[in-house]
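Both complexes shown next keep chain A, but they swap its partner, so chain B is in the first and chain C is in the second.
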Partner chain A sequence: MRAVLTALFICIIILNTGCWDSRQLRDITVVKSAGIDADEEDQLIEVTFASPIPEKYRTTERAQIVSALGHTPRHARDNLEAEVSEALDLGKLRVLMIGKELASEDLYPPLDIVYRDPRSALAAQIVIAEDQAKDIIDLQLEDRPRTSELIAELIKAAEEKTMLPITNIQLICPPLFDRGQDAMVPYMTLEEGNPHLKGVALFNDRQMTGSLSVKETTMLLLMMDKLQQTASLTEKVHSGRENELENYVTIEVEEVHRNLDVTINKATGQIEVPLKIDLFVNVIEYPLDDLDNEEKLNELSSLLSRNFTEKFQKVTEKLQDSNSDILGIGRRIHAYHYPYWKEIDWKEVYSEVDFQVDVTVDIVRHGILF
Partner chain B sequence: MKLLKWFKRDKSKTDNDRTNPVIADYELPPYPAKDDMAENKVYLKETFNYTEDLIDKPFTIDTHACSVMFLESLTDEEKMEKNLYSKLNRVHSIGALEETLTNMDASKLLHVSEAVPHILAGKCLLFIDGLDYCYILNTNKIILRDIGQPENEQIIRGAHQGFVESLMVNIYLLRQMVQHPQLTIRFKKVGKKKNTKVCIVHVEGTADKKVLNEIDRRLSKIDSDKLISSGVIEEYLEDFPYSPFPQFMSTERPDRCALNLLDGKIVLFVEGEGTALLLPMSFLSFYQSNDDYNSRWYAGTFFRLLRMFSFVTSVTLPGIYIAIISFHFEIIPYGMTFVIKDAVEEIPYPPIVEAFFMELTLELIREAGVRLPSPIGQTIGIVGGLVIGDAVVNAGFVSSVMIIVVALTAISSFAVPANEMSMSVRLLRFPIMIMASLLGFLGIVFCLNIYLIHLCKLTSLGQPYFYPFAPFHFKGILKDVLRFPHTKTTWLNLDNNHNNNNES
Partner chain C sequence: MEPLLNNRISAKQIFFLIVQTQIGIAVLTLPARVFAEAEWEGWISILIAGGFVQCLLILYISLVHRFKDHTFFTMTRILIGKPLSVVVNFSYFIYFLTVTILILTLYYRTIASWLFPETPKWIIMALIVSAAVFLVREDIHIIARFYTLVSCLLILIIGVQLTGYTAAQPLYLLPLGHIGIADYLKGADASLQAMLGFELILFIYPFIQGAKKEVTKISSYAIWFTIGVYVFSSVTAFLFFSPDEIVLVPNPVLYMLKAFTSPVVDRLDLIFISVWIISVTTSLMTYLFLASQYTQVIFSLKKRKSAVFYLGLLILFIALFFESNEAIDAFSEFVGNISYTFIVGIPFILLIIALVRKKPARGKEKAS
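Entry: the complex of A and B
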């Protein structure tokens, strides 16, 4: 009898060790969006957490928003624990927003805790806020879903329309450390009290050095051959029309054929990147019509080709201005021209790269109008 | 070692403890029939302790006093009339009477004591004054239930017959379905006093000889002196009496037995029971229903897969829920996190208490409703299911998600076609719930591993229980898990005997 009791006792002791790790859902504050900002005055970091309030508590506010200062994000979070009723948990984080100021210094230090902790939500969206991240997290919009949901859904919808690259905390990590490629992160601002997508923030290594607008991001993604479900572009093709609407055409890209090559001109030592892009597009808005006429159709497509070649070229120049090698040209040089790669300092050479963009637009569809 | 000793000691103790009061078997000293009829009568009455349903009907034939004695409750009036009274009218001498009796297959007994078991079986005893022997006449009453649809094993299409409490009728039903000379029936008396008749049915040639011999050996080892039922026999025949899984199937359906007989299985009947034992059985056969074979094969396959899925959900669902809300809430999809968080926010107990409370309540409702007449049973279901479920959530004792989980679990445990498997499955989820509350998913995996190891080790009369998974056999899995069209199964039957060829 005693032996059985002992065995039972040992069993219970061993099994009960598991209770130590239990985290009851009801005792946890589930943080849905978090913001990290630099606080200039004291060289501190300010974190802001927003978590929805359960309906059972019948409060008027829908989300609980708290913020605190600290030397590191985790330090600030520990300071927060003194303020909230239940333990904070970032396991279901949807949006992590980082202030531009902090990102311009170095993006990695505030993210370190996220990569280090096995429980963190690596699939959460990472967003750079143009101003303070806190201002966006703090929003309590009455006619919209909760801010965290709003931002996450907004980004997801934009990703599907090739307006933003598909990113999350995990996916931006490799380019942050890759010498031959740089990262881009969705870039957001507040416009008239509402969160507004501005495009992407461009990074040079781990520092934010510039940004692209939404339209430029779409073009960049097309250059990267990363067309999602659709991508729509609006372009001014005429200038003399009385009705302003008739000057524009809106196209939807259905397919992209990209041909990117990296060569080194032996004579000059110049890196040349011929970038040939074939866009197969669907004209979805063109009030002038007459597209059943083949001549006009060809005219329009050559017009578009010319315009886009110019605009795409400008995007590459912008990339070079912020010294952000999003296209991963460095990687190709590392792979195909390794001796050359060893000779040069890529970050210095990058701005000299000669991008030779050539866009061909092929109108394959123009709606059901005749 | 100590632990082992403790077990041993315990076992011997329980053996000694078995001193339940049992009616002593009657053993009468031989009592030869006397010339004097009155003396015989007194002996018989005394033996039956002057019971009042022992009828004594005297009559005279040719001045000879005669008497018929029988137990009123066990004899058939019509048979008495047909076999005895109508003939007595035509007989006018003792010689003629004796001749008639012999023609009627009446047996002559020299000892009155020998007649006692016959009277107990419903026969009647005829004394003739002046003769030192007596006659036994076959007048026993047979009351049989109709061969109707078994209540707890209903099917939609196919034969709607069920076994009844008579061995002969049951064998009749089987022989109707399997009209083959190789269908062999063996009777055996089991128990300490050898008074329970058991019938073993098999098809010679397909059934495994070794298994048959093993059944025979184990049946002769039964030394219980209690009334032996199929449940007792089942436990004596089992390889692993401590296993939670049923190793034999009990069924009331002759068509199921017939199918299994042709498949090489053995059917065992116990006298006086309307349930047949099918043995040996594999795990998957508990999840197959005759309906599978009678419906279109798409439907058959779909419902079979659904039932297997129901095994997984009924065993693990409450455990998974507990593990999720106390350890791994990250895996809840974004949209649901707050629905669940809202639901559990103000529950005063840990999830395991909540789950046990609800599971036990449900089991209670089921147990209370199962033996009640159906109108009351339905009321219990409504009171239990709707009223308690709703009130408990409103009062905030149990979260609404828990009610959903418990209800789903209960429904999936009822989806098993075999009742005994449904019982085991219901019990199997409790260890999983406890382990889930202690170690989360890790605990569930531990527990499922133990179940899996046990299933792989388990044998039913030497046949692997978890076939075709444990001795892995791909075609067997296809055959048992899916249901292919009957005309296209030849390629699956190539090694049909694989199951039987395994060493037993």
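Entry: the complex of A and C
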């Protein structure tokens, strides 16, 4: 008995030295960034993959870039296998870029391949390209790191500065499927041959319907109480100064206190959202140098409060124009006013929500100068 | 029968025996299963099922305590007579084998879809069965020690899930009370399969050293610990996935971990799965042990070790047949349905008989 068992164990161990599911690095092409675009004319999808070329095979290019057409991203990918010498492996993907055209139709279908595959890298960054994703993936910049690394690092740095929400392929999925909240995805473009961050693409359900600039994204994130390490905002506070620089102040937000409430006016059926935001800021640039007494400080903070209240309010209007409920107001109605939620079609009601933004700026520091 | 009861296990070890048997396959799928019935209030259903299990546990102990010197299989003989007890014992034997086959099939399905799509089925199954056979050949106190040892891995299973809270949306748990009582009960029904394993107490009670009160206390701790883990996993999954999304994800606990990456660990889900395999193996081991215990009653004591080997081969052979997802789901539902007979029906009837016959146990049997 013992002998039989021992023999069996030895057999199994020998047989299991990785015959079936091992993936040797020499047999695969590691794809670091991928782009998916719609090809209008032929109703096809175009995928573009970029993978680093190992040092020893390197000629002049640092990355191998291939693209192919197909009915679905998977189909296109299979078509590509005829073009590359090794099997494509998307397990180490860092950036997935979707063309705006495709995103405006429906974001989910091109992503299904990533959500379904057990090997896929759900922690990869997802980005919407203003034009064709291919154009950005194709870049081979000489004075920069590889494009895939560059974009991933760019986004990561922007996340830390509250310029972009923290996202990856999986993290956008809950809002994408949530009827009471919508998703936003980093939005990029090509500017003078370099990838350039434009802000975020706004989604209504699964369709891209608008976008915000980087500054508006920061304001939106502050309204969502999602301040990361820092957030800086530059604001024009004077207009009469001769030196243009002296008209501006740059602040760094150190702390946010947000108070968001959703009330339903029973009589009119109007949804009111009082949104109170207290910003505790550090003045990091103010060429006017004029903060030596409390009165002037108060004057500047009330000026900033007024300006920001107006600008934050504009952001909420922009969200409503795109019918994109990033703030998750619907989710709150679902949670706290469930009977009402069942009565309404949220997407119809959302554009009529009355946002009452009130920003208060409190200057707590102003560097080592007055 | 005396030598059988010699290998005693301590009352504390019963905690790990029950917990390790309960936590297994189902922890991955439970959040999705209860969500399908009770939506985001599924965790309440799990608590309801927990209350139910607690009642059953008290019922079991009051039954087996009357026959402290007998195993379950010999107890039935005393209670309902030889012919009937043969049928009951044999059906329990078949039930244990069915559960092992189910565990094996579900285990393979998860491993094949998450980890090793290309590796042949029999290899994956043979590996876990051989590990189980290897341990189950030993006595119950060795098994108990092993379970105690591997229980430290449970900390990892719980700890890893904490990463989900970095992207949690608390509002997904509200509103409460939006469904009817029937839905809560349906959810409780769906979660009962995950609770299976506490019926172990029926079969190992005579091996335990300890007063009835202590055993009751510790086994209750065990089931509430398991329920705690389940509620935690479900709440984590409900917070992480939005309601319309979770219905698309059969293994929410694993799927959630795929979203996170760190410089040290690239894929948390793979770490989780390797730890989880051990929990599955322990569940498999328990049922294999129980099935082999039956053979001990039928055949002589010494044959248990070789019986384990053949039982292992048998379940491996049968488990290889299940291919399509539908067949596996149907099988799983079937096991869920018949389990009520074995964990509620039969023990309940036995208890009533025992109550009616009023303590025929000790003295009488020894005299005969």
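In this section, the second predicted complex is superposed on the first by the 353 of 370 C-alpha atoms of A that agree within 3 Å, B and C clash if a C-alpha of one lies under 4 Å from a C-alpha of the other, contacts with A are read in each partner's own complex, and residues count from 1 in each chain.
Keep this in mind: a contact is a pair of C-beta atoms (placed from the backbone, for glycine too) under 8 Å apart; a residue touches a chain by one contact, two chains touch by 3 or more.
All figures in this text were calculated on a predicted structure; none of them were measured in a lab.
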Inset, instruction - Return first, second, both or neither, reflecting whether A:Met1 touches chain B, chain C, both chains, or no partner chain. - result: both
Inset, instruction - May I ask you to decide whether A:Asp21 touches chain B, chain C, both, or neither, giving the answer as first, second, both or neither? - result: both
Legend entry - Touched partner set for A:Tyr338, first chain B, second chain C, both or neither: second
Inset, instruction - Considering only the touch criterion stated at the top, classify A:His71 as touching first (chain B), second (chain C), both, or neither. - result: neither
Inset, instruction - Mind working out whether A:Val30 is in touch with chain B, chain C, both or neither, as first, second, both or neither? - result: first
Legend entry - On chain A, positions contacted by chain B and by chain C: 1, 15-16, 19, 21, 121
Inset, instruction - Can you check the complex and tell me which residues of chain B touch chain A? - result: 2-3, 6, 324-327, 329-330, 332, 334, 337-338, 340-342, 344-347, 350-351, 435, 437-440, 442-443
Legend entry - Footprint of chain C on chain A - complex, ascending: 1, 5, 8-9, 12, 15-16, 19-21, 118, 121-123, 168-171, 173-179, 181, 328, 331-332, 334-336, 338
Legend entry - Of chain C, residues touching chain A in the complex: 113-120, 123, 126-127, 130, 133-134, 167, 169, 171-172, 174-175, 178, 240-245, 248, 258-261, 305-306, 309
Inset, instruction - Could you pull out which chain A residues touch chain B in their complex? - result: 1, 3-4, 7, 15-16, 18-19, 21-26, 28, 30, 52, 54-57, 89, 91-92, 94, 119, 121, 152
